[in-house]
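Quick one: the structure is below, questions incoming.
Per-chain numbering from 1; labels A, B, C, D, E, F, G and H assigned in written order.
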Amino acid sequence: MNRQALQALLEEVQAGRLTVEEALGRLKRLPFEDLGFAKVDLHRELRGGAPEAVFCPGKTPGQVVAILSRLAEHHANVMATRADEAVARAAAEAGLPHVYRSEARVLVVRPETGEPVGLIAVVAAGTADLPVAEEASVVAETLGNRVERVWDCGVAGIHRLLDSWDLLAEANVIVAVAGMEGALPSVVGGLVDRPVIAVPTSVGYGASLGGLAALLAMLNACAPGISVVNIDNGYGAGHQASLINHLVAKIR
Amino acid sequence: MNRQALQALLEEVQAGRLTVEEALGRLKRLPFEDLGFAKVDLHRELRGGAPEAVFCPGKTPGQVVAILSRLAEHHANVMATRADEAVARAAAEAGLPHVYRSEARVLVVRPETGEPVGLIAVVAAGTADLPVAEEASVVAETLGNRVERVWDCGVAGIHRLLDSWDLLAEANVIVAVAGMEGALPSVVGGLVDRPVIAVPTSVGYGASLGGLAALLAMLNACAPGISVVNIDNGYGAGHQASLINHLVAKIR
Amino acid sequence: MNRQALQALLEEVQAGRLTVEEALGRLKRLPFEDLGFAKVDLHRELRGGAPEAVFCPGKTPGQVVAILSRLAEHHANVMATRADEAVARAAAEAGLPHVYRSEARVLVVRPETGEPVGLIAVVAAGTADLPVAEEASVVAETLGNRVERVWDCGVAGIHRLLDSWDLLAEANVIVAVAGMEGALPSVVGGLVDRPVIAVPTSVGYGASLGGLAALLAMLNACAPGISVVNIDNGYGAGHQASLINHLVAKIR
Amino acid sequence: MNRQALQALLEEVQAGRLTVEEALGRLKRLPFEDLGFAKVDLHRELRGGAPEAVFCPGKTPGQVVAILSRLAEHHANVMATRADEAVARAAAEAGLPHVYRSEARVLVVRPETGEPVGLIAVVAAGTADLPVAEEASVVAETLGNRVERVWDCGVAGIHRLLDSWDLLAEANVIVAVAGMEGALPSVVGGLVDRPVIAVPTSVGYGASLGGLAALLAMLNACAPGISVVNIDNGYGAGHQASLINHLVAKIR
Amino acid sequence: MNRQALQALLEEVQAGRLTVEEALGRLKRLPFEDLGFAKVDLHRELRGGAPEAVFCPGKTPGQVVAILSRLAEHHANVMATRADEAVARAAAEAGLPHVYRSEARVLVVRPETGEPVGLIAVVAAGTADLPVAEEASVVAETLGNRVERVWDCGVAGIHRLLDSWDLLAEANVIVAVAGMEGALPSVVGGLVDRPVIAVPTSVGYGASLGGLAALLAMLNACAPGISVVNIDNGYGAGHQASLINHLVAKIR
Amino acid sequence: MNRQALQALLEEVQAGRLTVEEALGRLKRLPFEDLGFAKVDLHRELRGGAPEAVFCPGKTPGQVVAILSRLAEHHANVMATRADEAVARAAAEAGLPHVYRSEARVLVVRPETGEPVGLIAVVAAGTADLPVAEEASVVAETLGNRVERVWDCGVAGIHRLLDSWDLLAEANVIVAVAGMEGALPSVVGGLVDRPVIAVPTSVGYGASLGGLAALLAMLNACAPGISVVNIDNGYGAGHQASLINHLVAKIR
Amino acid sequence: MNRQALQALLEEVQAGRLTVEEALGRLKRLPFEDLGFAKVDLHRELRGGAPEAVFCPGKTPGQVVAILSRLAEHHANVMATRADEAVARAAAEAGLPHVYRSEARVLVVRPETGEPVGLIAVVAAGTADLPVAEEASVVAETLGNRVERVWDCGVAGIHRLLDSWDLLAEANVIVAVAGMEGALPSVVGGLVDRPVIAVPTSVGYGASLGGLAALLAMLNACAPGISVVNIDNGYGAGHQASLINHLVAKIR
Amino acid sequence: MNRQALQALLEEVQAGRLTVEEALGRLKRLPFEDLGFAKVDLHRELRGGAPEAVFCPGKTPGQVVAILSRLAEHHANVMATRADEAVARAAAEAGLPHVYRSEARVLVVRPETGEPVGLIAVVAAGTADLPVAEEASVVAETLGNRVERVWDCGVAGIHRLLDSWDLLAEANVIVAVAGMEGALPSVVGGLVDRPVIAVPTSVGYGASLGGLAALLAMLNACAPGISVVNIDNGYGAGHQASLINHLVAKIR
């Protein structure tokens, strides 16, 4: 609840149009709706720049669709992440208008596309990192950003990355996705003067420790301008990249 | 070495003003200078938006000052981080123009201040987190940003944070610094639609594991728009916040 | 074996009604019964405030029912936790009077409900935390406590939690359940002067490390009045909350 | 800020005794005071049952005394924990009325003792655990509780613990402090039907991992009714025990 | 190859009954037999007190039976551990004389029982620890030891353990098996002056970390006389207990 | 892109046979080919001594075969590692000439065998380590090396290893493969003056932590001349052994 | 309290020589003495085969001497472990008869030497492991065992260990001490049919993780007959070895 | 003891020049010498390509010099690693001919320099990595190799590394030293077809975990041809690089 709303409410009390009891009640009728198993946050878009996204694991397809349906009454481009085919089928059966981006495991309800703004470059080290990199890309696209993908640019073949130097330098923000030793963000961060959001993936085996090795490497990146999200968190990277890119784009 | 330089060099070869051997040699004369124990990277500013900063631990005051001196021939606002008093004294003895920000442990050589641009909010959870929060703030200020500090706003007294809601909403980017359970960025990220750079600190004991508990908490933040830097890495947060804030500010 | 029983036994020896050998034998005939694969502890209720609960994983439905049957000869409201449908079916086939609370994965044998006493508030951060939060709630209800549930109040939408401030302040003890960054107990502990039992859940992925991130965060909570149980241990939280709530309630 | 205060404020607006602007300002003048390096939380006692305690490590004696002085203007029995002799000297030099409990490393400013209520038993496994156990005891005593100490009762000599069975059964809540294998709370929790707050200590070497072994053991305690605080966190245990004991005591 | 064999060989060389080349060859024809995928160690019984046991996981039933068959040509009481029903069936189909102890997951080929010697007590904390405790027991029995089982004696009901005090004091060596907090060996070690071999099990969840919590607790046991084997390693405990018990028994 | 290629290109520019624009373009037309989901690195053989190998997990059989097909247009002896039967079938269906080494889980496309050079000894501790040891062996053989296998030589039967001393001393490089306590490389490294590449395997249970115990042991090997690859990374060991062995062999 | 004492007490009650109250009192007057900061366990020798040893770290020299003095009133050969020179001086100043074994950091009060029994072999891998190995040796000697030391026998020079094969085979029990990769117990355990107590040491750096690498290796030892004590726990190994050796020796 | 020595010994027995007892004795008089606290391994050079090096930490300067003196009677170029100034002074006082390389913390006794062979490139990422990189370099030089140093080539300034491409391609083996994110070996391994020995350093803070982050990254390197030694283990890398380089060089 922001300052303006609070001021308005106080003014209504002052003006006698609202009793103290009513004001107290209204202060509590905060902008969410209770589904019993979940409080749908309808005003997240106002507060956080985008409607709430639904993280599917641990929820039944039915629960996911119920939340999506409610959110879609108020918003376009509502996303469900880590959505498998069962979620997509449940959305179809419920008659929700949607697109399902299987490579990114993202379901978008009431998809609406406008003119994408700015530029986000999403760079991925290996083929196995693509599901996470696609999640970041699709999320950013859904949030209205222009996205360029640069795939399979691991540091063991540094020339493949250098080939995309111009593109990287043009982007407002770069998402760098890598598993195993997670060295890609360090190299990217050394090449350009743009904020880099590093996404470690769980790609690897043995001493990769489910992505912890890549995560630690990225946190220790010797190049400046890099920050890191959770392992496999393509959604978080795409969302933050969108926030940054929109800062620039809004102004233009 | 960027595209323009390469094109220029090739044109000189084409024009016969440069032999193949000369071109090869020049391609290797890359923009750094070798001090024996360190290669000073003089063009980092061009590539990465800021001159190289010197991380002091593990270097003697003499080594630090030698590197700073060389960098200061080319740049203003050269920074040394985690600098103790001995480094400041060595800089003074060497006659380097500088300011020493002891609370932030940052030494700035050839300090030059222009009109700060944009707005970065730096929020810190507890008193013990201030050295890291000050490092982020001083770095951002030195890089030309307007910075607002919001100190001692841990989540155990949530009202102290809500008091600064307006300021947070006004910033282009927020740096959130916390040790112990590291919950501050989650709460901040839920309040505003701005990118949040989370900085875990090593403040705590026992199960804080030297800051790992806060680091893990921040990586698992349930609010979107958050990314994380290394434990106690105020410099990295300040630098990335500056990159983002300048994206906005350049345009204005 | 408590002091009173020991005194009585010694008095019988003194009075000559019991030989030394008989006394020794009786001292060893401790209040448990041996089923071969398990010693059923019939006096746990006297010692620990509640009959023994059966933790189902690693036991066959048949073993669970055998233990439950024996306990139910002596006690009402015997609980099996982490009980799946197969356990419920086995209980039904064995003719045990019971209710099965599937959302909490708790089976209660010989359910008896009296007037619940006091007030325990169970707060959960997200929808995925509900199985654990329900386990805590059902256990506390079965042990005779009044329980209020506050679901989906993660710190990323702090207003949802503030909405329940009055309820929290009214409770004798609060159980706070959260996965991911586990920040909920810190915020709750800062709002009220009641003991908070924090329950980390394994909800999350990557750097959540199966709930370790939430566990560490809760152990480092900067608010006072908080203690922590094992990951996903709704039973333990419900049980301890009941012990605390009954301290108050007994007196009234 | 609680409901009553909000209601009062709204009523003043309604009555015209307060303009909207004044009300907004007052809503922000939250009950803390800014010392520059710390926001002193003056109303913590109202919200959390006790005035804020000052954790000394990482603060200078001067900073500690400054915060204590300010808190002591409003409260008696203000505590500084992990306070070394230097803090005690600084308090003396500043003329603060205080007692310093060196064995517990706790400094109490404006000490006032009333009639202690209820009963908290603090049990410690070994001699080396005493500083932590004393911290819990002194904190609980300062908060107005009757405390009984049971020292050196490690599980390797189980008869020493059984000797205090009656005392344990009489307490409203038990604090169990142990390092090394951390088995004490499990045994205590099996003996009595009282809530047990387990405090792992960093006592040990090698595979004790600075107290992590004891912490993990306590989190896995097979007896019900146990919850755990951070390693060496005597303050937290004493504080929570006080909250529980006062629930009982207030009523009597 | 021991001293006696070496001396005999040298004497044969000295006596001219063996050429140098033959001696070299014989020195290399060490007492194992090569099956291609495994070198069967036929003399382990001489060197290590028992024929080689076969650890089944990661081997096909066919491979297990092939190794067992070869060992059984030379030895009785050859054991396969962690053997599932498929291994037992394969042994039956191959016509190997055997018994399968399903509760212990141990298959014994060419079982021969003599008069068991000495006394080993195997103590287990909970019902879920029985597979490991049975493995230790069956291995020790197969190696010719008298074994007494004491099941379901976790420290949360310390009276159940005290009930078996006499038996523990009579044993030459005690195997103590526990999961979760792993406190049993500490308590046992405090009761008797016998070597205790502690076996942590993977029983537990969350912060039990697959048995690591119990393992660490046991390594930190405050009672003397305790040493520890790998998580779930009933075989190792049974084997070492047999070595110790036979030291005593041989002499009698 | 190596020096020779760069020199040639510059000479073409100098000679006027190539415009600056063409040269720039060619500098970017780096030696890989884009399949959409992967950039096939055709020149890895020139840079790294062998064509790129395909790591199968996380790729569909179809994707694997597509990459293999493309690589096989340019190279013989293209390898897919961790290849299961489904990959082998897909290769067969696609008509790729290949051999599938199931014990090593390696598929070799366009197999060509020349005269193997030098000598690599691959030593394995236990039967369960064979899949990894075979991977190392088959990779080294495919890369043109003579390989000798020494299986089932764990340090618990040190005589089995000593039996192969001569062979080890003859090899140019030794690959030592072991799980559990991972002691084999230390013993091997103490016996011979040859570089030893240590491969920890995930063989073990409990405190083996999925191979971490063996990995740590090998990194701490007290014998000199040892370096370590990732857990189960037979491919990496075989590849590096080949690089070393070819250094010797090329010269002969 | 053992069965005999209990029987005697009950008989006194039966005979009327003891009132019930007196019996209850005596049941509680358990065999320890309270020094305020420690309960000295005077009967540990009866229960555990040796008087209590005092672990010095975390205790002042004065506290150590106070406990030792009290124990020495009842026992000879009272030990203080990890005792530095300050403890030895305090013992001398207090007039305690003692020997100080500086290499083992063990102080023995009221030293009495009888005829040592049996044979314990203590094997150490490297020079840096000697303090721990000496602690084990001196403890075992003080407890009345014959001890043979075999120093500097790391597995990187396996011939040094083989040289002592006869001695190892003669011992009743072997203590094997090693840091770094901790492979020594595996090799020793493969050579002889005697129980091996493995002691990991904190010798090493980097990935030795303060001895964890050696600890894990020993827990995963592939040879049977091995169990493990805590890192650097020479006392525990010497004590358990003594328990085992005395089993044999008592009988002879 | 190698095959030749064994054959000779057997022939002496056969010839009657040696009795069986003498032969047994000689078999045990293995080539080391016992100093009491250390067995000096005089034949390590024969077996392992270099005389034993002395690792100084945990040894007194006196102990180090005693071992060095004994080794120097038989060998030139005896090394002590991690040697501080005190060791150098002790060597000087003992009159040992030596050089002390302070930057590498290596002391060489009886230094002898011949014509260095082959080429080893040692590449270091940052200035703070130099002590480790120098250790590797000095060790390799002392062992008779030509060494080229390439300092301050971290991946954040990839052009600095590319500048040395020719040198890297010319070397027989490359040692790559890096702390923080440890990405250097991956990039180097992608550039050349030479074996790369990766050395993680403890340079870094926070999530570098004392070098574990770099270690894990290097173990997960996506480029082939890389193996890894312990954190800060410059000696091990220099030694193994020498073994590899000498394989090549011996032949030339």
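Note that in this section a contact is a pair of C-beta atoms (placed from the backbone, for glycine too) under 8 Å apart; a residue touches a chain by one contact, two chains touch by 3 or more.
These numbers come from a predicted model, not from an experiment.
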Item to check | Intersection of the contact lists for subunit C and subunit E | outcome: D, G
Item to check | Type of subunit F:subunit G copy interface by residue overlap (half), same or different | outcome: same
Next on the checklist: Quick check for the class: compute each chain's Cα centroid; which one is farthest from the centroid of subunit E?
Outcome noted: B
Item to check | Which of A-B and C-G has more C-beta pairs touching across its chains | outcome: A-B
Checklist outcome for this item: Maximum distance between Cα centroids and subunit F occurs for chain D
Checklist outcome for this item: Distance between the CA centroids of subunit A and subunit C (whole Å) is 38
Checklist outcome for this item: Averaging C-alpha coordinates per chain, one finds the centres of subunit A and subunit F separated by a number of Å equal to 38
Next on the checklist: Quick check: how many Å separate the C-alpha centres of subunit B and subunit E?
Outcome noted: 58
Checklist entry - At which residue positions does subunit A touch at least two other chains? => result 3, 157, 189-191, 206-208, 212, 215, 219-220, 223, 230-231
Checklist entry - So which chains end up touching which? => result A-B, A-C, A-D, A-F, A-H, B-C, B-D, B-F, B-H, C-D, C-E, C-G, D-E, D-G, E-F, E-G, E-H, F-G, F-H, G-H
Checklist entry - Within the complex, which stretch of subunit A touches subunit B? => result 2-3, 46-50, 53, 165-166, 169, 172-173, 189-195, 197-198, 215, 219-220, 223-231, 235-237, 239-240, 243-244, 247-248, 251-252
Checklist outcome for this item: Note: in the complex, subunit B contacts subunit D through residues 127-128, 130, 151-153, 157, 159-160, 163, 203, 205-208
Next on the checklist: For a test of understanding, state which residues of subunit D touch subunit A in their complex under the given definition.
Outcome noted: 3, 6-7, 10-11, 13-14, 16, 19-20, 23-24, 27
Next on the checklist: So in the complex, the part of subunit D that touches subunit B is made up of which residues?
Outcome noted: 1, 28, 30-32, 34, 36-39, 41, 44, 55, 57-59, 63, 200, 202, 210-212, 215, 230-233
Item to check | In the complex with subunit A, residue positions of subunit H that touch it | outcome: 125-126, 154-158, 180-183, 186-187, 189-191, 204, 206-209, 212-214, 216-223
